[in-house]
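Let me give you the structure first, and then I'll get to my questions.
When the chains are written out, they are named A, B, C and D in that same order, and each has its own residue count from 1.
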Amino acid sequence: MDFLNHHVLSLLTFVPLLTAFAVLLSPSLGLARWVSMLGSLLTFLLSIHVWYYFDGQTSGLQFTEIHNWIPTFGIKYIMGVDGLNLLLVVLTAFLTPLILLSVWHLDGSKQKAFLALFMSLECGMLGSLVAFDLVFFYIFWEAMLIPMYFLIGIWGGKNRIYATSKFIIYTFAGSLLMLAAMIVLYILHFEQTGIYTTSLLDLYGAPPAYPTQMWLFAAFAIAFAIKVPVFPFHTWLPDAHTEAPTAGSVILAGVMLKLGTYGLVRFAIPLFPEAVVSYAPLIVGLGVIGIVYGALNAWMQTDAKRMVAYSSVSHLGFVVIGSFALIGGGAALSPEALTGAIYQQINHGISTGALFFLVGVIYERRHTRLLADFGGLAKVMPWFGVMLIVATLSSVGLPGTGGFVGEFLILLGTFMASPLAGSVASLGVLLGAIYMLTLCRKILFGPITHEENKNLSDLTPREFAYLTPLAILAIVMGVFPNLFLDKIRPSIENLANNYKSYKIVAEAPALNEAGDKRAEASR
Amino acid sequence: MISINHYLALATVMFLCGTLGVLFRRNLLLVLMSVELMLNAVNLVFVAGSRLVNNLDGQVMVFFIITVAACEAGVGLAMVIALYRRYGTVETSFLRMLRG
Amino acid sequence: MSQELMFYATAFLITVCSVMVVTNRNPVVSAIYLVGDLFLLAAVFASLDAHFVAAIQVLVYAGAIVVLFMFVIMLLNLGPEGKAHLRIPAPELAVLVLTIIGFTTIGTLLLTGQAPGVGGEWSPEAIQANGGNTFTIAMVLFTKFTWPFEISSILILLAVIAAIVIAKKDKKQVVHD
Amino acid sequence: MLFWLILFLPLFGAVLNGLVLRRASKTVSHVVGSAALVGAFICALLTYLDFMRSGGHAQVIPGMEWIEAGSFKAPFNYILDRLSGMMLLIITGIGSLIHIYAGGYMHEEKNTYRFFAYLNLFVFMMLQLVMGDNLLVMFIGWEGVGLCSYLLIGYWYESDDNAAAGMKAFLVNRIGDIGFLLGIFLTFQTFHTVSFSQLKELILTAGASLNGEQIHAIGWITLALFVGACGKSAQLPLYVWLPDAMAGPTPVSALIHAATMVTAGVYMMTRVNFLFYLAPTTQMIVASVGAATALFAATIALVQYDIKKVLAYSTVSQLGYMVLGCGLGAYTAGVFHLFTHACFKALLFLGAGSVITAMHHKQDMREMGGLRKYMPVTHLVMLIGVLAIIGFPGFSGFFSKDEILWKAWTAGDRFHILWGMGTIAAVCTAFYMVRLLMLTFYGPNRSDHHTREHLHETSVVMWGPLVVLALLSFGGGYLNVPHVIPFPEHGLFEEYLAPVLAIPAQAAEHWEHLHAEHEAGEEWAVMAVSVLGMLLASFSAILLYGRGFSPLSTALATRFQGIHRTLSNKYYVDEFYASAVVLPLKDMSYFLWKIVDVAIIDGIVNGVSQACMLVSGLTSFRMSGSLHRHGMVMLVGILCMLTVLLF
């Protein structure tokens, strides 16, 4: 148990990678499936372990692992979770088994490679979430792109090469900017303090001088903005989503995009706090434009997947403005908006993930995603209808679903920071409903106009198995948000109130302390 | 005692020959042989250096280089055979996959 | 004096052989010159008290690798190349000249430069006292370089497998021109 | 405990019907759905009696924590006071009747689990709306009822029109919801709480110390909330969804689009009346919008032929009265009209539903006529309903509507025009309702042979609830009899609701006229004007439509063709919105997509990559792909580097 607590994050990160190797070595596809499923379930269990023993009373970094990695350059192997990444870690580990379930029935000659790539992708995502060292983070950040590149490039639609190249080159261009900024930061920090370090724990609270900060922030922000994607860096997203296989779209929308917003919160804001004050109006402006612009574009799409992809642009606009809602003349970030932003990341992962799954379900049956090819499916696929409606409602932020909690808090905080931005962003609530209901109406309602649609079969038990958890979670997140918010509150408040001199304390793995506290509380 | 400089000069000449062979010969086998020449030039430097500083690491390194050279020759020749089967020639001017 | 004379003679022969390897039309002849080159180099090694290396130079290089080359030349039935084998277009000629100039400069610099001599622990006398060159190399190899040595054995294994896989006749393959 | 049962019985019914009993027969879903509601009603009644017995003081029932972030807190707290208690009874009571009725109405459907699940869910959401102690819980209900409305309007989704109508309802409501949201934000920003009970306490106790900025903020808060109310309560200019919402099954129209959901706006304004009292400008706007809506919708209803459309516009018009009442500060009158309207409009809709069932789902009044013979009970209850809505003295509408008109009259000279609009609307109401009654139940039967053969009175499941509602429609008015009318008890309702209303001290002066004494003669005169107008309109309707379409009615329609066409086409508002709002938005979106996104932004992205390709093409024109060349270039590079390093 002690070992587990000291190394749970390393295990969490590398179990998927080991699973990937095991999958490659499996003699048969059937075995490979089970191996990948077991590996991902084990990862999920580990994430639940982290979740359960995570102490929601402190803003410190928990389950920390610190080892020297390349001492000459001050590069360390640091992993840890706090309130900002805890939920994302769990979300990643949660989505992966579901996605594996969704590809359970596929068998191609390369399916084993698919599973292996997928597991290594999970490793990359989890690694970049828990890494607390710039170089360490950067390695995972880039490593993550490779499996995704192949997932789209090999298993994608007919325009896949274009889409995947665009995706990787675009993201890579941004990452290089970030790498350059990291090196500059590293050297500047040495000049300031005489210590070579890439550890965030050391870099926090010692920001470089003001004019340089502006450049460094811009480099980081562009890298993350491309990943999010923030308007106007978003054009790779619809292409990538449309061409990607269902599983790829789900993980792309579910987790990878969040790494952009997570990066903004984890790196860009606390490392360069003064630049934040100068840039916030610009970023919030872009976010608001993204909300409206993404929604209007989504409305016009004829391809269901493209529509959901543009909806991501719109939804992530909310997350971005929520992360940059400055109150008190830049003295603090709005804790409400920041909470909403973190929460909305998770919720977007759930609802958009479900939507991509659902589009995948009908795509498998009809081999088309054009809205015009559907209509009236509620009659032949009633359960599909239920799921689609639930996902839609969560996506449009109906109260009682997770989407509402996130969007509401973001809008509340943004409104208090800037009434204009808050009001315009509120339009997203309406526009979101416009395109999502259009999607629902064109797929589910109206007469059945295509002969092929008359005999479609409803959801299979396997499809139920991966859709139901998402649907339930969407509602649970809306009705019991405190279940999640209680864990992350101190971290968010720490960042929101002290972002100008942000410090995070690394705490030793504290199973015993947390356990004691729990025991005390129950007494 | 011959100074180290002489060995280095000799190695340079060998290396030059090898380089020119790699660059200007069109026969893939000749290219491989030229590579061997280049490797030998390096070996010479290692051994001479090892003698100069009275350290055996250089000779051990040569041992490894020979190992690697053997591997390289094996794989390289296998590729030559494969290419010959495929294209019917060992002329490098046929291999233009790196076209920009 | 005789030592120096020996060196210059060997060096001259090595240079000639190297040039011949590169310029000869016929691959078989090139290979033979290569063998000569390797033997001469082995002699130089021996003169530098590197007896073990000289031995494996002969055994592995001359004995195994060049024979492999010969096999392949025979297998592919390669005859002498045409007269055009050394025709060099103008831009490449420029590179050729540049290369020769560059290397000559470097070589000259090396001849004139002063290399620092450092006293290490394995002087020829120490080696002699320790039990000879081969013994001492073995000692170093199996203590300090155990891991690289083991890895190199894996490398050879991989190379063997790779060579077989690559050279294997693929039934499906179509011959393209 | 009982209180939680009220809330969760309908939810339980919805889950049971919607997820578990999907293969059950119609009867099972009907029984489950109705039982949940009747159970909730009984609990509500017991809770209510208990509540009144203990003095009827407002109490907050704490529930689970919900959203907590930063300094923002919104727990699931519920408020039980006289206002929400009354709504509780209306919703569960009328809801039960409509559920029972729906079993009869829907008996031709193959299965109805979905219908009853949605209906139960609606009741649950509606209860959230009225019981919530903070704006956020109210907002759950607010949007939740919108969702159920969307689902129920599109219940027969095979028809594209229905799906479109549902969507329209949801979207127009969402426009209002944005207003509501902004109201919440502003409230929280100004007062750091969104709880009604805390807000009320804050305003009333610390009220005197409100600074100008806060008063200013209150103006914006109330305006934003009123936008929300406009959406939900179908006021100008957001009323357009309600007539289309008639695409849903008739019980839905009765429950959601007449009795409960659409009154949410009025309820909400009453709930935060202490804020509205502080914002006279907003109140003025509210009153004007209400009066305008009342008149506007009433004129449209004059010439409609679809029986449900008439009732729909009538609902919009009546909601206008309620909003007018709120705008005048006469919340009692508004809420009282809400109550009476819930009874008689539910009755009218259900009656219309019976007619529609008998007519095999034909809704055009031109094909009806003379149904009195075939459906005596329905005729009788509809008659009561019509008398109630037109404000026939003695029926409930008379008391509630005249109260509002009277308040408008006494609000000051500026408000006389609103009184005038209200009175004209009342005259119109009398005309179109009597016209509806005449065309449906009197005159010759104009239906085709096949339909006529099957005309019959509906089953007791359907007319039973109608009778109950008819009794309420008749008697409900006596709860709030004006003082001038000789009656044992006066203004019971006003007394009942008084604790809910609270005029903050700062605004007391402005609202003095609400309690001012007036001469009895003046009140009689105002009353007489509306009654006379009503009688006149009724008689002309009887004259024109008493025996089917009289030649005079057709002649009038031709004579005033322009007006007639404008009215039949609802002032072309839908067309106006389509061409002025929806189309430009669509065009703009298309432009954004095709030009801005694909051509410009993506063009730049691809342009950059193409520029790179171009440059690399230029520099690599000598790149034959030959290994030699690459090697040579590399070599030259190495030489250069060496040169640099050596010298």
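As a working rule, a contact is a pair of C-beta atoms (placed from the backbone, for glycine too) under 8 Å apart; a residue touches a chain by one contact, two chains touch by 3 or more.
Note that the coordinates shown come from a computational prediction; the quantities given were computed from them, not determined experimentally.
Participant: Any idea whether C-D or A-D has more C-beta pairs in contact?
Facilitator: Result of the comparison of C-D and A-D: A-D.
Participant: Chain with the smallest distance from its CA centroid to the overall CA centroid?
Facilitator: A
Participant: Distance-wise, how many Å sit between the C-alpha centres of chain A and chain B, to the nearest whole number?
Facilitator: From the centre of chain A to the centre of chain B is 50 Å.
Participant: What whole-number Å value describes the gap between the mean CA coordinates of chain C and chain D?
Facilitator: Centre-to-centre distance between chain C and chain D: 92 Å.
Participant: Centroid from C-alpha atoms only, then distance chain A to chain D, rounded to Å. What do you get?
Facilitator: Here chain A and chain D have centroids separated by 38 Å.
Participant: What is the distance, in whole Å, between the centres of chain A and chain C, each centre taken as the mean of its C-alpha atoms?
Facilitator: Going by mean C-alpha positions, chain A sits 55 Å from chain C.
Participant: Using the touch rule from the top of the page, what residues of chain C touch 2 or more other chains?
Facilitator: In chain C, 92, 95, 99, 106 touch at least two other chains.
Participant: What parts of chain B, by residue number, touch at least two of the other chains?
Facilitator: If we look for residues of chain B contacting two or more partner chains, we find 19, 23-24, 26.
Participant: Using the touch definition from the top, which residues of chain A touch two or more other chains?
Facilitator: Within chain A, no residue touches at least two other chains.
Participant: Identify every two-chain combination in which the chains touch.
Facilitator: A-D, B-C, B-D, C-D
Participant: Spell out the part of chain B that touches chain C in their complex, as residue ranges.
Facilitator: Those residues of chain B that touch chain C are 1-10, 12-21, 23-27, 29-30, 32-34, 36-37, 40, 43-44, 47-48, 50-57, 59-60, 62-64, 66-75, 77-82, 84-88, 90.
Participant: List the residues on chain B that touch chain D in their complex, please.
Facilitator: Touching chain D: residues 19, 22-24, 26, 92-93, 95-100 of chain B.
Participant: For the complex, give me every residue of chain A touching chain D.
Facilitator: Per the touch definition, chain A meets chain D at residues 166, 169-170, 232, 234-236, 293, 296-297, 299-301, 334-336, 339-340, 376, 378-379, 382, 389, 393, 398-400, 404-405, 408-409, 411-413, 415-416, 422-423, 426-427, 429-430, 433-434, 437-438, 441, 444-448, 479-482, 485, 489, 492-493, 496.
Participant: Considering only the defined contacts, which chain D positions touch chain B in the complex?
Facilitator: Interface residues on chain D, with respect to chain B: 616-617, 620, 623-628, 630-632, 635.
Participant: What residues on chain C touch chain B, complex-wise?
Facilitator: 3-4, 7, 11, 14-15, 18-19, 21-22, 27, 30-31, 34, 37-38, 41, 44-45, 48-50, 52-53, 56-57, 60-61, 64-65, 68-69, 72-73, 75-76, 78, 81, 85-86, 88, 92, 95-96, 99-100, 103, 106-108, 110-113, 115, 117-124, 126-127, 136-137, 140-141, 144-145, 148, 152, 155-156, 158-160, 162-164, 166-167, 169, 173, 175-177
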